[in-house]
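I'd like to ask some things about the structure below.
When the chains are written out, they are named A, B and C in that same order, and each has its own residue count from 1.
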Amino acid sequence: MSVTTDTFVRDDLLPAKAPPRNTVGVVGWLRQNLFSTPLNGVMTIIILAFIVWTVTPFIRFTLIDAVWTGPDRSVCATATGACWAYVKAYLPQFIYGRYPIGERWRVDLVFVLLLIGLIPMLIPRVPYKALNAIFLIGVFPVVAYILLTGGHHQFVGSLIPSSLMAPSPLRFAVQYAVFSAVILGLLALYARLAGRPISRTTTPAAMILGYIAVILVLVSLDFGLVPVETANWGGLLVTLVVAITGMVAAFPLGILLALGRRSNMPVVSLASTIFIEVWRGVPLITVLFMASVMLPLFLPEGVTFDKLLRALIGVTLFQAAYMAETIRGGLQAIPRGQYEGAMALGLGYWQMMRKIILPQALRIVIPGIVGSFISLFKDTTLVIIIGLYDFLGQIQASANDAKWASPVTGLTGYIFAAMVFWAFCFAMSRYAAFTERRLDRGRR
Amino acid sequence: MYRKIASILAGATMALMAATAASAGTLEDVKAKGFVQCGANGGNLIGFGATDEKGEWSGIDVDFCRAIAAAIFNDPTKVKFTPLNAKERFTALQSGEVDVLSRNTTWTMSRDSSLGLQFVGVTYYDGQGFMVRKSLGVSSALELSGAKVCTQTGTTTELNLADFFRSHNMPYEVVAYEKNEEVLQAYEAGRCDAYTTDASGLYAERLKLTAPDDHMILPEIISKEPLGPAVRQGDDKWFTLVKWTLFALLNAEELGLTKANIDEKKTSDNPEIKRFLGIEGDFGTPIGLSSDWAYNVIKQVGNYGEIFDANIGPSTQLGIARGLNNLWSKGGIQYAPPIR
Amino acid sequence: MLVLGWLVWDIIENTARNLQKANIAAGYGFLERTAGFGIIQRLVPYTEASSYGRALFIGLLNTLLVAGLGIILATILGFIVGIARLSSNWLISRTAAAYVEILRNIPLLLQLFFWYFVVLRSLPGMREKWTLFDGVHMNIGGLHVPRLVPGEGIWLVIAAVPVAIAAMLVVTRWAHAHQARTGIRPPVGLINTALFIGLPLAAFLATGRPLHIDLPVFNETGPLLRRGFQAGSGMTIIPEFVGLLLALTLYTATFIAEVVRAGIQGVNRGQTEAARSLGLRSGQTLRLVVLPQAMRIIIPPLTNQYLNLTKNSSLAVAIAYPDLVSVGGTVLNQTGQAVEIVSIWMLFYLGLSFLTSAVMGYFNKRVALVER
């Protein structure tokens, strides 16, 4: 018996063949992503042509044909590209506006403090968030206010008639003390009638009053800083002041409005809803017009508001309405069980909100809040319509300056402004996307 | 609850703080705070109210405010400027944000009677004119039939323009922008044939064009625009002070008193000069100032002619001739009542 | 509550006192007075001798015009870009993403200035023209196109439009019934298009073509000011309008694109796969399966974008387009009637918000019902 082994058994694998040439490498990628069908191929070519058609002149204008240095407009008069020399000459004005040159270190200091407070706040891993928040919300605004305006306000008071006491800081202090005492007394009375522990009602109020008193003392102290009126502020400074103040001030107001809208008390809920819908229904321009031409009419005689303050009030109210809707979305996303659980534990309304609901709801809406900050940041440009000089306004004003006016100056300024705004907004939107992803992970 | 209390408190403190502004008279207030708050042009009108790269103010309207500060404090730097646009200027004055509005503002009856303000006089006799490209080949505003005209919205300019074209039965098209910068950019781009505003403004704006020499200002003046400072109604003392500061500037020019020679003139025998300098009689006390207030004004700021020449006169880049703004004795209509 | 009431009362009292002090009479009587200023774009007759009320009405129409057109264009562009972002073609999706990320993050006002002044600078001067095609020219004065002058009998043509629409509805209903009965779908699109174009056209021809075409007249000779396009001939679309429309469309389209993308991604992938396995082509899948379902997610945020666009059209004031806010600002300046003007603005925008929400709410309900 002979065994013939004419069958062939291969006991090692064939080496893998290279994939077809047209599915790998650059060619493969091109085929798959750009020319998968004839229609796609045509589209790709059209889009490519479009990109070349739009991007080339832009690059030519901003880089190749641009004028980079020069003393005045003569270098840009015949230029066909951007006049960066003008941006260089005016950069300080774009940042500080008419803020006196010798005092600009104060603005720089505020920017640095802001960064010191903000950066660790934005990085989730850095500890001491509570302390950081206290610095950002409680300390930074006061310091920034004193640094930017110069502080040293003279409070003389007006409620006590001059015949009783001459106008002086002392009169103001007495007035404030009387005022605080009345408030605390009323609260104590209310607590007594409602049968609650008096100290629990009055202590927080006393703390708030004390905090306000400290602020008032601080802003009335003379730190030897030259006062700088807001009329001289401008540029990026105004943009940031309007955006950040509007945001910070609108935040608590927005929470109140959101809670108000979801309240069980019909009057509160109706009032909040009307407030929110009215502000959301009208354009910011009309709000700013209102703040600039109508607000003075609303005030008693002799009371005046600074132009910047008027814009801030308008922006804050406007922003609060949008913020309220964002926060309401967060509140609605909290499962009912959380409310019921909190109530079952015997927590009061404010305790429930403060300890259970808001911490969860606010965490959810962080991306939404960043988003609404982005739109506020972009909207700050509208203040130029009521005559404030923000970053864009300052650029626009300087483009027509006798020293630098040229056919390309205006366009250069707009492109520069666009790049700066874009950098800010894009960074913020990336951050919002980052927190959103982080939240998603956390929830899973 | 606490937040509510906090917000109420904040509101109350704001009211307390703000209420410090109210008091009896403007002069007392100004003396108490140590400076004059002056509403100036926020639109960088060269020669009238403008700031340079360093934020330093200059212009004829600005110098007038410095003159008031010199009269009160003998120090022209004790003045602060609030840049105002056309829309907000009156509200700013009415509400007390500024003590005096010196911002190339036209004196009209309705403004004098119904806006709660009062004009003290005329610092510059102006009129609305047109600027066109030289290449357009037009030499008179009456040839502008069918033209497109750029202007700033919200001023009397828009109304004068309509009146002018309607009364001459000429068709036209108006393009009205919110801000000066935009008007200029649009005119420069060729959106319109003509740019209209007060002639003084045209001279100033022309400098900001890429090629100022390609543009000309037409001779016709289509309106009376007496520009002057204004104060709030109802404070006669302050009104008188501001008014006579202006008259002092004019009188000084008429008497030949200048920044340079006023010290020598102290020895002059001319009774008018003596009264002016406060050597004879006391004209300062009745308006709440020192007797040498007028001397201080001229010593610190100069007379009307000097202010005019330094800011907008023929030797400056604006190069505006005195014309109507010359003294009455020299063919103009600037005339001040005597100090006596 | 008490504090709030006191605040409101205090504000009213202060306002009344301040107005009285400034000698400004409260009330809307000023609307009757002569305006005295010109307006560059008027959809209905207006002269300097018209009243303030009329001027405001002109502004209102201008707002509606730019907002309406803006909404249509932004929707079209937004849907294209939103769908393009999900394209399998790498270049298309990247380009769409770049467009969205760049324009969304630049303030609208800045874009407005940019487009307006860039457009202005690149156009030929008032005495020159670019001819796009016969009868349509462009220069810095705007886009000059032929104007249609309606003649007698035009109302018949106009009346034919609703008749055609009614007929289209009937045809659609019949087609649905027919398809349900026989499974064969009649060519509805074809029939409807024919109806929509055919009926008015037939009426037009039957009434003896009651439309004249008024061409823009361009003078090449004569004094410089007389050259260029003659006022009153043809129709001029002013560059302010074009600039505003362009900026509003490009800006809002980025947001609509994001809304559309989110909507499409919100549709279960299984739907697409099922549709493809049924043999539908990718265009059909998108049109017949994905988009109808995505609409439910898209419509609420889309409504918001429409309202934003309308509100943003008030930025017109910056580039001399006479919208409601711009004209209102001029009137406010001349009369000092701040409270009245601001109240008119607010009423208009609030009313529009309310109306849009109502219409969109209704539409949303219709679309939502599709889900069973």
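Assume a residue touches a chain if its C-beta (ideal position, glycine included) is under 8 Å from a C-beta of that chain, and two chains touch if they have at least 3 such contacts.
Values in this document were obtained by computation on a predicted structure and should not be read as measured data.
Among the other chains, B has the CA centre that is most remote from the centre of subunit C. Chain A has its Cα centroid nearest to the centroid of all protein Cα atoms in the structure.
Taking each chain's centre as the average of its CA atoms, subunit B and subunit C sit 43 Å apart.
Each chain gets one centre point, the mean of its Cα atoms, and the points for subunit A and subunit B are 38 Å apart.
Rounded to whole angstrom, the centroid-to-centroid distance between subunit A and subunit C, based on C-alpha atoms, equals 30 Å.
In subunit C, the residues that touch at least two other chains are 18, 21, 117, 121, 317-318, 329, 332. For subunit B, the set of residues touching two or more other chains reads 87, 94, 178-179, 182, 185. Looking at subunit A, residues 293, 296, 299, 301, 384-385, 396, 407, 410 sit in touch with two or more other chains.
Considering their complex, residues 8, 11, 86-87, 90, 94, 113-116, 135-138, 143-148, 153-155, 158-159, 161-163, 166, 171-179, 182, 185-186, 189-191, 193 of subunit B touch subunit C. The part of subunit C that touches subunit B in the complex is made up of residues 3, 7, 18, 21-24, 36-40, 48, 117, 120-121, 125-126, 140-141, 223-226, 231, 239-240, 317-320, 322, 326, 329-330, 332-334, 336. The residues of subunit A lying in touch with subunit B in their complex are 73, 77, 89-90, 93, 98-101, 153-159, 167, 172, 175-176, 179, 183, 187, 204-205, 208-209, 212, 216, 229, 231-232, 252-253, 256, 292-293, 296, 299, 301-307, 350, 384-387, 396-397, 399-403, 405-407, 410.
Listing the residues of subunit B that touch subunit A in their complex gives 1-7, 9-10, 12-13, 15-23, 42, 44, 46, 51, 53-55, 80-85, 87-88, 91, 94-97, 178-182, 184-185, 188, 207-210, 317.
Those residues of subunit A whose C-beta lies close enough to touch subunit C in the complex are 33-34, 36, 40, 43-44, 47-48, 50-51, 267, 271, 277-278, 280-286, 289-290, 293-294, 296-301, 374, 378-382, 384-385, 392, 396, 407, 410-411, 414-415, 417-418, 421-422, 425-426, 429.
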